[in-house]
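Labels run A, B, C, D, E and F following the written order; every chain starts at residue 1.
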Amino acid sequence: MIETVIRKRIEILADTPLVKVVTKAIDEAGITGWTVLPVQSGSGRDGAWREERVTGSDKSLILTVASQERAEKLSEALAPILSSHGLLLTMWDVEVIRGERF
Amino acid sequence: MDVSALQTFTSPVVLFFILGLFAAFVRSDLAIPEAIAKGMSLYLMAAIGLKGGVAVAESGLSPLVAVALLAGIVASFLLPLIAYVVLKGFGKLDRLNAGAVAAHYGSVSVVTYVTAVEILELSALPAAGFMVAVLAAMETPAILSGLMLAKGGNDGEKGNRGEMLREVFLNASVVLLLGAFGIGMIAGPSGFAEVSPFFQAGFKGVLCLFLLDMGLIAARRIMASRSITWRLTVIAILLPVFNGALGVLVGTAIGLDVGSTAAFGVLCASASYIAVPAAMRLALPEADPGVYLTMSLSITFPFNILINIGLLTAFAQAIAGPAGALP
Amino acid sequence: MDVSALQTFTSPVVLFFILGLFAAFVRSDLAIPEAIAKGMSLYLMAAIGLKGGVAVAESGLSPLVAVALLAGIVASFLLPLIAYVVLKGFGKLDRLNAGAVAAHYGSVSVVTYVTAVEILELSALPAAGFMVAVLAAMETPAILSGLMLAKGGNDGEKGNRGEMLREVFLNASVVLLLGAFGIGMIAGPSGFAEVSPFFQAGFKGVLCLFLLDMGLIAARRIMASRSITWRLTVIAILLPVFNGALGVLVGTAIGLDVGSTAAFGVLCASASYIAVPAAMRLALPEADPGVYLTMSLSITFPFNILINIGLLTAFAQAIAGPAGALP
Amino acid sequence: MIETVIRKRIEILADTPLVKVVTKAIDEAGITGWTVLPVQSGSGRDGAWREERVTGSDKSLILTVASQERAEKLSEALAPILSSHGLLLTMWDVEVIRGERF
Amino acid sequence: MIETVIRKRIEILADTPLVKVVTKAIDEAGITGWTVLPVQSGSGRDGAWREERVTGSDKSLILTVASQERAEKLSEALAPILSSHGLLLTMWDVEVIRGERF
Amino acid sequence: MDVSALQTFTSPVVLFFILGLFAAFVRSDLAIPEAIAKGMSLYLMAAIGLKGGVAVAESGLSPLVAVALLAGIVASFLLPLIAYVVLKGFGKLDRLNAGAVAAHYGSVSVVTYVTAVEILELSALPAAGFMVAVLAAMETPAILSGLMLAKGGNDGEKGNRGEMLREVFLNASVVLLLGAFGIGMIAGPSGFAEVSPFFQAGFKGVLCLFLLDMGLIAARRIMASRSITWRLTVIAILLPVFNGALGVLVGTAIGLDVGSTAAFGVLCASASYIAVPAAMRLALPEADPGVYLTMSLSITFPFNILINIGLLTAFAQAIAGPAGALP
């Protein structure tokens, strides 16, 4: 049986122009990396939207895996701007192999 | 005016825009993949930049070019002031949103300009090649004045300031427009001949499909919109008329030919919906895209394409007098 | 017939399709990004719509157009009945899947039509411009009769019915084809001249790359398929021959010229693999796409492109007699 | 330390033409929003597939964050059609900030 | 209340040319299926990257749902190549309906 | 040489590449959607394959073609040996990475070739049509010798071997290049005429936008790179000069005309950054893409486009003597 350790997985949905704000916060929290996934459409309190890369009003999903401690640092850094920047953050425990990486 | 207005509505370019509006309003699922739309917008900017540069390589640079550039920069800087006052007063927006919207109206829409140039050519009133440089020059000053208006004295974290300026001045469309303009100037007519089947012959067709997409996007946005009041609708229609008329007066005053004057009017009348929204999302994340994008993209843009280009062309012809009609 | 059949196999358009089939069969990783493929299909529909509209603007509308439209609509409605009987009887499909497949064979394939038109032009037998309108008219009636066949009496939730009808009649390809057709009629030959370098000159080249992609997709699908029996394979080949022959007879009977008759035969012979599958996925989610898409896309489509277009053209020429050969 | 609350995250893989069936169910369950991600290829009991936007036989991933109660309402609404519509549904607990939104 | 069962969800980030190595391992572990999502950009110890489909240096995210037992088989199969192939693997428990499928 | 070197820098094709490099260096956010870039690369390969095939259909096959193909295959096999020795010795790479990089330098870059052909045509030194077949033939042998070098005796799991070979020989660009070449030969000049507005007229324009993107990608990669030493940089510049000169000597020796000789030199000088990296990622996952991709794409590719094509053309002209200048 492979040994696994528990880490936090955090996913943040953000407007594409704001992705760099989020990834900067990730880097500053000392997390080793992040990955950005494209998003196609969605709906929320502000109504529905579709990807519109031309007008820059599309969204992206940023995912990062971090230790409990760094994950907390990141969520504390982002909490004040979650509402103002319209970010959606979810966080849960995952098992990873080679836990020393994160 | 009658003639050019009619020509507007039989041009495939404008008809495809109307088809896009229509398809969205009847809730058809017609959609252009966003990678294609983005590719077409890059193509249009490269093509218009190249053509402008080649035209300048042929005609040479005159003092008029410098004057036009200066007029454009000043207009882009100052037009947001007028907009801001109207948006806060009549439009009842708060400082933040008024500043964000104002930035859009000071800046320009490349596609509105391109469509105007096509329509002007149909009317035998071509705009000068250097107007592309004016277009590029007008994109960004408005972003700065809009931000100053929105933030008042406190311009936030100093650290981000330089970063922001760099991004504003090196944003994709400015770099591509000016880069292609420079390439056109260096390559000249003979170098352009090699690539003209792609950049020249295909241009109007691509513009048709791009406007089809813009029609779809503009109409879908306004149908989903929840933040637009009748006051803002009025502003989104009257402000471009006012700004455009101002532009025509300035263009005539500095001695532009009729086509270029009309094109300058259109630049002043048009509102950005590509470069400025992205900058605002980053610099003023609290401002509501539901307000600024919907106004510029879903109201002002169609109004300019369908009506205002015709109006401003007629106005430019009228004040130029009979002599100016066929320069 | 020999000549046109040979021409089929030296036309780059058809050769690229064969290259696509080949590349997929040898498991090459050649693939066209789906955004590009989607963009090309929109381009082809806009172009063919425009050209049809311009042709009608030139030739004017005659009673024949109305007759052809009516014949198309009736054919699209009724062809699924024949298909349904054969699919349930010989094909051993259940009611649901037989209805779903039948809808595909009543409707049409835009790319099959476009390829046929190219091949007919090589044979100096151009199809009339208004056939594009017939194409658009034939897309959707078959969806309705297919659904009625699949569902029998109980047409499910009433609430969804209107919604479904709206979607069927305003689906992307119908809106784009008819919209571009209308634009072609309004803009006329002079308006079209502006955009013809894009929509006319580029047409065959885009069709080459699009057929390359369709070849890849068709062959990959059949290689992965697990639901196709020999009985269904036979139907997917013989039904288009039968439907096509019927179409040629009807086309001749209502007085179409030879090219248009052959084109009408191709419309009847072709099976939809864009609009109808999407509609079926939504309206009959329990039906198996592994059956209907594989039959229409991976068997009937290549058979039509490679063989049946040639057969139907020869048949149309034969029954028209020597007088009809060069109208 | 930022306060977080537990919500359900539900992800549903569906054929693209069926996305609106799923999002309608989400809206009807009273959930505040949803987000759609593109999917490239896959393999299941019916064999492998690749994105084929032209023939509409591509898939999408719909993700939504909801309270336990609404998540149950949604999964009850979707359960009867999971098999017939070929949907794949997974659901797990996540921490969110600003839990009152969901 | 709909009955749900617990399964493992495994997500693996891999260079696109290596996706087939991962999906082969999934098939060999006896898992019923997998789904591939596109990825846009990222950053790790080797620096940042953007999708570059032309040079094939883009990444993809492979997700699969499996029983505990098969998930272990898969992670054991992948563990030796995680570092050499630069894979990022996370794994967590999810609830699924129709658990007999996985 | 002066003339062709100058022509290089006034050609829009090269200028757009420079614009891409510049935009990335100033950190502009200009970017071309990857679906569009991929689509353009497929277009370029289809177009160049077609044109080569048509040229061969016109000129017929001669023994020279077979000799050139053989020379290309041998060069692709053997050039990695030289590269490997230099990379391990002077470059201080380990066996694995030296083998991986060597494979890149034995193989070819389609876009470098295409750009060279455009520049050669400007200099009235067209390359023969069959050189496209040589290009396709040179893509894969280097992959095999690179792998043998990297793995030494132990070639790993036998089972994967056949699979790997199949993939190498049926990779997308080989299939598309040779497929389009065959289509060009079958369709001939008359068949090509139908599609030449798309594949011929649009070619240089597409190449402009594609090189814009390659400039962006090449510059961004080197700015983010952490694994490139000065020793590797020197190799990435001098190796293409050496390989290219060798190619020019061989081309002259086997009797190619000046244009084709220069083109053969460019093929030897160019390094793959599409087919080979993908093959290496799969076959040698432990090798570092940060080394092989950065060397081939970010150093050798720009060096070839901006300087080496001009150098090799001048060298080919020089050793051909005055008689060879205008064949």
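Heads up, the rule we're going with is that a residue touches a chain if its C-beta (ideal position, glycine included) is under 8 Å from a C-beta of that chain, and two chains touch if they have at least 3 such contacts.
Given the structure is predicted, the values throughout are model-derived calculations rather than measurements.
K.L.:
If you check the contacts of subunit B and subunit C, which chains show up for both?
P.N.:
Shared contacts of subunit B and subunit C: F.
K.L.:
With contacts defined as at the top, give the pair, C-F or E-F, that has more of them.
P.N.:
Output for the comparison: C-F.
K.L.:
Select the chain at the greatest separation from subunit A, using centres from the mean of Cα atoms.
P.N.:
C
K.L.:
CA centre of subunit A versus CA centre of subunit B: separation in Å?
P.N.:
Here subunit A and subunit B have centroids separated by 35 Å.
K.L.:
Report, in whole Å, the distance between the mean C-alpha point of subunit D and the mean C-alpha point of subunit E.
P.N.:
A distance of 18 Å separates the two centres.
K.L.:
Indicate the whole-number Å distance between the mean C-alpha point of subunit C and the mean C-alpha point of subunit E.
P.N.:
Comparing mean C-alpha positions, subunit E is 40 Å from subunit C.
K.L.:
On subunit A, where are the residues touching two or more other chains?
P.N.:
37-38, 53, 92
K.L.:
Out of subunit F, which residues touch more than one other chain, so two or more?
P.N.:
If we look for residues of subunit F contacting two or more partner chains, we find 31, 33-36, 38, 197, 201-202.
K.L.:
Which chain pairs here would you call touching?
P.N.:
Pairs satisfying the touch definition: A-B, A-D, A-E, B-C, B-F, C-D, C-F, D-E, E-F.
K.L.:
Along subunit F, where are the residues that touch subunit B in the complex?
P.N.:
10-13, 15-16, 19, 22-23, 26-36, 197, 201-206, 208-209, 212
K.L.:
Which part of subunit E faces subunit F closely enough to touch in the complex?
P.N.:
Contact set of subunit E toward subunit F: 15, 17-18, 20-21, 46-58, 81, 84-86.
K.L.:
Write out the stretch or stretches of subunit D touching subunit A in their complex.
P.N.:
Touch list, subunit D to subunit A: 1-2, 4, 7, 9, 23, 27, 32-38, 60, 65, 92-98.
K.L.:
Of all residues in subunit B, which touch subunit F in the complex?
P.N.:
Going through subunit B, the ones touching subunit F are 33-36, 38-39, 42-43, 46, 50, 166-167, 170-172, 175-176, 179-180, 182-183, 186-188, 191-192, 194-195, 197-199, 201-202.
K.L.:
Under the touch definition given earlier, write down the residues of subunit F that touch subunit E in their complex.
P.N.:
Subunit F residues touching subunit E: 31, 34-35, 37-38, 41, 213-214, 217, 220, 224-226, 273-274, 277-279, 281-282, 285-286, 289-290, 293, 297.
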